[in-house]
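As structure tokens, here come the structures.
What follows is a pair of complexes built around chain A, which joins chain B in one and chain C in the other.
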Partner chain A sequence: MSTNYAPPVPFEFPPIYSFPPFFTLQPHAPSRDKQVTAWVDLIRAYCTHHRVYRLSLNASILDLPLFRNAALNRSVSRDMLHTLLTALVKADLAEWTSKSKTHVFVYWKSLSEWSDTLVAWAKDNGFANTVVTGYEVRLGDYVTDQEFYAMDEAVFAKVVAHLDHQRRIVMINPSSNVDELGFKIIG
Partner chain B sequence: MHAWHRADLTAAGRVVLDDGSAEAIARSQPRVGLYHDQIRLPSPFDDGTLHVSSHRLVWVAAAATSTAKIVTGDASADTVLACLAPASTVAAVAIQLDRINRAWLQAGFLRSSPKITLDLVWSDPAPPSSSSAPRAATTTSLVCARCGVVPTPSPISAACPQCTFANRVSATVCAMCAYPLPSSSTTICPRCTLTNPVDATKCRACAYVLRDEEAVMLPPVPKSATVKLSFRGGGANAAYKAIKDALQAQAWNRISSPRERALSSPVGTLRDPAAAARLSPVPGRLAPPLAPSMDTGLDMAAPIGVGGLVKRQEQEQQLQQQTLDSAFTDLEALMTKAHDMVTLSNAIAAKLRARTATGTESDESLVAQFRSSMMALGATASLGAADLPSSRAATTDDRDRALAREMADFLHHVFAQGKGQGQIIAVSDLYCMFNRARGVAMVSPHDFWTAAQVLATLQVGFEARTLASGTRVVHAARFADTSLFTDLQQWAARNALDVATAAARWGVAVALAAQLFKHAVAHGCVVVDAPADMYYANRFLEV
Partner chain C sequence: MGQGPSKPKASAHDKAVFELKKQRDVLRKYQKQLATVLDREHAIAKQCLAAGDKRRALLALRKKKYQEQLLAKTDKQLVTLEEMTSTIEYTVIEKEVMAGLQQGNAVLQALHQEMSVEKVEAILDETAEAIAYQKEIEELLGTKLSEEDEAEVEHELALIQEEAALALETKMPSVPVTAPPVAENVGVEEEVPAVVAVEKSKAKKPASTLPRPCKTSNDKPKLRRRLHSQCSPRTTEFSPPPSLLVPVATAAAAVPDHASSGSSPTRTTRSRASRSRRCSLPRLANKKSI
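== the complex of A and B ==
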């Protein structure tokens, strides 16, 4: 996890989370498909609730409450996690960061949804057709109550690139540093 | 009276033999149909396996079906059928060999298959038709109501050819009409009524031809029936030979071993029955004296007392030595012949392989015939791997089926013993138990497994399976997939399962229970929790 967002209410796990076989990848194919689908839903819900933008295949991730049920003393294995992340990518909810497939960006909202959200915010708050910086939009004082507050930098860069591609913004200052990006949202 | 009577089969469909009289099956031949007189009996009597035993001919139906409504249109055949199959399934029928008068073989011609015809003898004393006294009141009162003459009852009387009065057998002239009666040693010439000797071909007075020189004078034959066996799968010659041998051996009358016959010979010559009883090997059983053709070369001097005992010991040893020697010479001769045969079959197989590419169609059929007969002999080693058919089902022969039936009977016995043994067993365990029970004539593992795989087709309630891990098991219907999964699902719905409790509940080894669980998981019946090795009902598929 790359942000330290503390959600106001704790996440409510679905009942399947307390089923011990849920943490073992089933050999029977139809059962396995259903199991993976349930996991994908759970990961998405959790990431939405906790605003998780990245997941990586390292040792510490297996300690996440998402992947470890302390009450049952069961946790997902690394191989199973790889399977789950692959399924997540396949469901268009994530994207591998690099070819080596060890990190994913989690799109609990898709890029187009984020674009719509940003544009809607700009219009509603009078920032349309004005030049804004990346820092302002991501970490500024006006966005603290927004969903995209403290979004992961790389994801934010992708959103901006997507908006640019859709021609809904005009790039004023393209910069590699996300905070120094300057653009104007066309309203 | 009917020729066939019902025979018993074991639960697995094998013939129950009479152990008390040492009945043994000499020959079995499948695809045999039954005829009664000239009528071909309809299905299911037209296809079955014929077993020739030392005391009976047993015919086992290939398909046991209900025969409640089978009719052939012929009255006697219908009564036979009605007697054999009152309304339930027909499985096996048998004829006692001592009721067979004659048997002869007719070879097949064009489309008719070879047949063996059996002449049977009724056990009735006489046909119920001709009554000797015209107005005898009842069968018990022997006085004729009209003329007061007492006629002799039929078994011990001979009817006069002229007036049909029932005379005593010993009479030479009829008591009524004084006609000279034919007796067993004389015949009466029909032209001049002179009594000739019975074997005369021409009358001594008028040279009338009394009988053909080739014809055989038979005593009057009581009412009989004819049964025919039609061999649609071949094997008629071998079966005929087996029947002939069994009829000649007459195992229901004679003593069996030559040893007993030899040892009973000094007993038979004694006049003192007490000493005979002392010396006889089987108490209370005096054998008939030796037939003159049997030469045992034994010295029979002074068989009483210690000297007699010593002599008897020596005689026994001599006999054993002779038997062993003859057995070993036979064995060596067999081995030489087998060696020759193997060389020959290898040479032929090599030639066949060389010429199958260029052979004509008649050659091909010959080649195919040769291959099938080699396989039937079991000489598969001389055939290359390419010659053997790819599907094992094509070579499932009756030997496999018979072995499978034997295995099924044995399984009944094993599983019935309980002792916590659930109705599933590894094939290796079963193989050891089976061969141990057999003692001699043990079965090879390959043959055993082949026969086990045939079990399912016989529908005796067992089947053999290879589990996913490679373990081969034989189990009763209770462990078939459907019933096993149902049982597991119901049980898992109530609580989480682990291997040890399952093993205890089913009465199987823990390792086997673990494999059954793995099998169930692979089919999605239950789901596994790997770290604790527990099994739960499959909630994923419920949603």
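== the complex of A and C ==
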């Protein structure tokens, strides 16, 4: 949930965000389905805009304007949040970080999409077939303008593992510390 | 994509480059840390100065100076590291270029082996033989002229060209020399001078207005012929060659005998000629009907 990224423009909430019943789970099944779908879209859009990689089911999550509309003085309940995150996971847009189901990785870009992005960056910027470190790719001076700059470490590790599995990188230094990962992106 | 059967292995120089880059990352991180510390010391110095604690402010500034020196040192180290990695990467590329050149050389050598000098010579010999054979066949079939024939042909061509040149030269008249007396002779008659004057002006005109020599050379014989047509029946001194007379006298054309044999060519002979032509017409018609 924490992110260093400051978007250049504030997120524009959809009109339904200003609709008070939106923050209460609907009892009627068809309405609830529609409501949950709308929430999934909203969460994805919000996370994309703010480059949010993680959401945690703890008290601080309700500090996010996403789940609390200060103007309406409404917020999403803990149970409803759980329902929404479960729907997000079901839509392949998120993944529980552990079996305790308290945190999710939000995949506003899927792992394969992230892989493609990294490979494309390497090809376009002359980093293909050269040794790069995890730190360099994630926080280096050459990537500050990239979408994956300051990517969540765990998500980054997953993307690298995905690339390795697809044989699109040559792993030089496997490491649990993402900054010390060493690999070559095959261009 | 990239699902190759064997996983590409990391080479030793990859590992070396990685170690260098890792060190670079460490330095980068250290620099970031130093930068925050610098800012922090600066803030502390300000705070202390505001609180009146000059001694602690100075200490903070000294620490800051020291950190700055460290930062400069790490900058140098970073440059060294970057240089090292660049050198390695460049050398790897050089090695690849070498390998490429070697491969190219090997291919070139293989190709050269395939086309040895002996083979080329043999092929050229065979080609020459084939050409000679072809020549032989041509001579046998008579399609090819011998060198003597060729020389004769050339000679004939030269002769024709010479004749043509000669003919052209003879045709080139020297009209101005002979024409004036004719004009004087004719001038005695009453009606002719005007015509001659016109002819004269015509003769001069093309020479002056049209500078192209070929044009005038063509015109001059024609002009002469026209002059004859006017004058020849009346003058005794002027005797043009028969070849020039033939196309000229349209009046005497039907009966050339009268025109040429007439002892005193006056107006009467002319009228007689025209009369005889008129007489001859029915004869011709008779002939035709027969």
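In the analysis below, the second predicted complex is superposed on the first by the 187 of 187 C-alpha atoms of A that agree within 3 Å, B and C clash if a C-alpha of one lies under 4 Å from a C-alpha of the other, contacts with A are read in each partner's own complex, and residues count from 1 in each chain.
Rule of thumb we're sticking to: contacts are C-beta pairs under 8 Å (C-beta built on N, C-alpha and C of every residue); 3 or more make two chains touch, one makes a residue touch a chain.
The structure displayed is predicted, hence computed values, not measured ones.
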| item | value |
| --- | --- |
| Superposed partners chain B and chain C on chain A - clash or fit | fit |
| Partner chain(s) touched by A:131 [first = chain B, second = chain C, both, neither] | second |
| Centroid geometry (CA): angle chain B/chain A/chain C, rounded to a multiple of 10 degrees | 120 |
| Partner, of chain C and chain B, that touches more residues belonging to chain A | C |
| Touching partner for A:166 - first (chain B), second (chain C), both, neither | second |
| Chain B versus chain C as contact partner of A:24, first or second or both or neither | first |
| Which of chain B and chain C A:186 touches, first, second, both or neither | second |
| Touched partner set for A:177, first chain B, second chain C, both or neither | neither |
| Shortest CA-CA distance in Å separating chain B from chain C in the superposed model | 41 |
| Doubly contacted chain A residues - partners chain C and chain B | none |
| Chain A residues within the chain C interface of the complex | 130-133, 135-136, 140-141, 166-168, 170-173, 179-180, 182, 184, 186 |
| Residue ranges of chain A touching chain B (in the complex, touch as defined) | 16, 19-21, 23-24, 26-28, 30-31, 34-35, 38, 74 |
| Chain A-facing residues of chain B, complex | 521-524, 527-532, 534, 536, 538-541, 543 |
| Complex contacts: residues of chain C adjacent to chain A | 1-4, 7-10, 14-15, 17-18, 21-22, 25, 28-29, 89 |
